[in-house]
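Next come two complexes built around chain A: one with chain B, the other with chain C.
Then we have the complex of A and B:
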C-alpha cells in the first residue's frame, strides 16, 4: 500500500465519479473509482487535472478524506467562489463522469498507524479532509492510538461530516472531538464564537510532554497561527506537521 | 522501476471534461505546464515557521574536504547585493510573475571557496534541507535573498534570508537558509526524500521523483 513503484503513482489515471453527496451547503464529497489505484496513506493527496475541449488544462491538489478501500477513495471539495476548478467539481461533475488524477502524493503529512504516539489533529474549514482520512483509518484498523481533533469552523452549518464526527466521538474509543466556532456558535452553546487560541489548543490537544504527533491543516493563516502556538507551548517543531491549502 | 504504462494510463489521450472551459490567462503570459497565476503569495512549509533573529543568524558553506566559510548577518548585508525581478513557480501549482527581491549572488559567496563538488545540500534553520547541482547555484542563477518587494523578508516567506533559485520549483529556494554543504555525490533533501523531484525544473514539470 502506497509503496507502489514511483512510475505507477505518477501516471495520470482515469477516475470515474461513483457517488457525490453534499457534505455541507458549500462542499461536496466525491467518491471515485480508479482502476489500478495503488492505495494511499491517510494524509496524502492527489493531483486532479481537468482538460477543456480545446486542450487547455489545469491541475489542483485535493486531499483524500477516506480510509484506504481498494480502488475507491473520497475527496472533499470546498466550492471556492470564482474558483476555476472547485465549482466544476462540486456543481458539474456527475456520477459516471470521468476525470484524470495522479497520486497518491506526499510522504510527510501522513499518519502511520504503527506509530503509537498520541495524535493531535487541528483542522480549519476544509482542512478536515486529510485528518478525516486519519480518523477513519484509525477506526478501520482498530487502532487504539489516542486521537484528539480540534476543528475550527465558522458556523455549525460548516462542519464537514457532522453526523459522522458526532457518532465517532461516541463510538470510537479514544477519539475526542472538540469544535470551535469562529462566527456563530450553536444555540445553547456554553461558549461564544471565538478564534482558535492558545487556551483551546492547550486544553484540547495533548500536552507537549506526551510528545504527540501534531497535524495541522487548513488555510495558510490558520496553519501559521496554530503551528506557532504549538511551538510556543513547547512542542518539538519536527513533530508538528502542516498542510496548507493555499 | 517499471516503464510499461498501466492500462488506465491517460498519458497519450487526455480526458475532456464537457462544459469545462477554465479561466484562461492572456496569451502573452507564459507559464510552465500545470501552473496557474497567483495574485497572492501562498506559503508551502512542512511545519511551523522557524523564527531566527539576525543577531543569531549565520551562513556557512562547508566543502566536501571539510573546509568552512561563514558570514554573520552584518557581513552578509555588507556584501555587494543585487536587485532581482523574476517569476517563481511553486510545485503546488501557483506561479507568481515579476516578484522583486534583493540579495547576494551565490557567485559572490562561492568566489573563494575551493571545491571539487558537483552537488549542494542546502540547509535551513528548522532542519529542512534541499539538494541541487552546484552548477545551478552559480553563474547568476541563485542568491541569498533578504528583501522582498521592498521590505524585509518575513518569517513566513523564509526571513531573515532564503535561497532564491527561481529557475527551479520554489521549494528548492530554501527558506530560513543557514548554509550549504558541498558534496561529491547527490544526497536527497527533506522534500526530495518525501517524493519530490531531485532537480525540479518547472518547464519540464519535474514535480515528483520519476517525472
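Then we have the complex of A and C:
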C-alpha cells in the first residue's frame, strides 16, 4: 500500500485544517490536508505538536478515523476539560490554520484488508476513532470480511458518528453494530445501563473458534478488562490487539 | 488496574524519528523475566522527564527514551533482544 513509499526517518510536517465538524457535544472531527501525505493504514495514528511563543512544546497522539483519501485525513478529538492540547484543537483551531504533525505511525494496531479472518472491534468512548477508520476502509475497498463492532458509551449523546454507524449497520453488508450504554440508555431500550461484560462480548463478538482478529481501543482500565475477558473466553492473546489512551 | 499508563503504540512516533522502520511491531525479550512480546504491548509511562516502557508481564523497565533539544538517549538495558520484521530483499 501507500506506506511502502515511506522511507527514512520521520519528520514533522505542516498540516492545514480543511474542515471541522462536531461529532458529539464534546468531540470535534478535524479534517487536515497535508501536502505529500504518504497515506495511512486503518488503525494508525499521528503525533500532534503545539509550540508556544516561548518555545514550550507539548505533544499528543491522535488516531486517524478516516479511510485513506489522498492527502486528506480526519482526526477525531475528544475535548479534555483541563487538557493542554485538545481544547485548543477543538475550540481555537479554525479552517486554514496550520499545526505541526508527524505520521502516520504504528504498524501493530492495524487492520490489513488482505487478512480474511473475521474481525471483532471493541471501542470504549473516543476509542472508536481508529476502529472507525477500519470500518470505513472496509467499505471503501468493498471488503467482504465480516466485522462486528461493540461500542461502549456513557449515554446516547456520546455516540461518535451515530448517524453514519446507523446507516452502515443497515447498508454495509457483513457489519454488525452493537451499542452498550453504561450510564443512560436511550428511551425504549430493552436493557438498563450496564458496564460491558463477558456476556455481551461473548454474544456480540466472534467466538474464539473462528480465530477472529480482535481490536480493542479505549481508556486503559476498559482495555485491560475487555482484553482479559477475551483471553478468558479462549482467544489467542496474540490476536487480541489493544490500544490504550490512558 | 491503573490508568496512569498507555501502551507501546504510543512509542511509534518517537522511535520512527530515530529508526528507519517501525519498531512497535518488533518482538522484544525482557531481561527480567524472559517474556517475549510486541513492543506495542509494553506499558508506557509518559509522565516522567522521559518515556519509560515496562514489561507487561513482570514490570521490569525494558526501554527508556529521553529526547533533548538536539539528541536522544535510548536505554535498552532491560531488553535482551529485538526481532524486527523487514521486507524481503
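The criterion applied here is as follows: the second predicted complex is superposed on the first by the 238 of 246 C-alpha atoms of A that agree within 3 Å, B and C clash if a C-alpha of one lies under 4 Å from a C-alpha of the other, contacts with A are read in each partner's own complex, and residues count from 1 in each chain.
We adopt the following convention: contacts are C-beta pairs under 8 Å (C-beta built on N, C-alpha and C of every residue); 3 or more make two chains touch, one makes a residue touch a chain.
Being a predicted model, the structure only gives us computed values, none of them experimental.
Trainee: Since both structures carry chain A, what do chain B and chain C do when superposed there: clash or fit?
Mentor: Superposition check on chain A flags a clash between chain B and chain C.
Trainee: Just to be sure I read the superposition right, which of the two partners does A:105 touch: chain B = first, chain C = second, or both, or neither?
Mentor: both
Trainee: Is A:14 in contact with chain B, with chain C, with both, or with neither (first, second, both, neither)?
Mentor: first
Trainee: Which partner reaches more residues of chain A, chain B or chain C?
Mentor: B
Trainee: Examine A:242 and indicate which partner it touches, taking first as chain B and second as chain C; both and neither are also allowed.
Mentor: Both partners.
Trainee: Could you say whether A:220 touches chain B, chain C, both of them, or neither, answering first, second, both or neither?
Mentor: both
Trainee: Look at A:88 in the shared chain and tell me whether it touches chain B only, chain C only, both, or neither; answer first, second, both or neither.
Mentor: In the superposition, A:88 touches chain B alone.
Trainee: Jot down the residues of chain A that show up as touching in both complexes, chain B in one and chain C in the other.
Mentor: 7-11, 61, 105-109, 220, 224, 241-242, 244, 246
Trainee: Tell me, which parts of chain C touch chain A in their complex?
Mentor: It comes out as residues 1-10, 12-14, 16-20, 22, 24-25, 38-41.
Trainee: Could you please specify the touching residues of chain B with respect to chain A in the complex?
Mentor: 1-3, 5-11, 14-24, 34, 36, 42-50, 92-94, 126-127, 156, 190-191, 193-195, 208-211
Trainee: Taking the touch rule as given, give the residues of chain A at its contact with chain B in the complex, in rising order.
Mentor: 5-14, 34-36, 49-53, 55-61, 84, 88, 92-93, 97-100, 105-109, 220, 224, 227-228, 230-231, 237-238, 240-242, 244, 246
Trainee: Taking the touch rule as given, give the residues of chain A at its contact with chain C in the complex, in rising order.
Mentor: 7-11, 45-47, 61, 102-103, 105-109, 219-221, 224-225, 241-246
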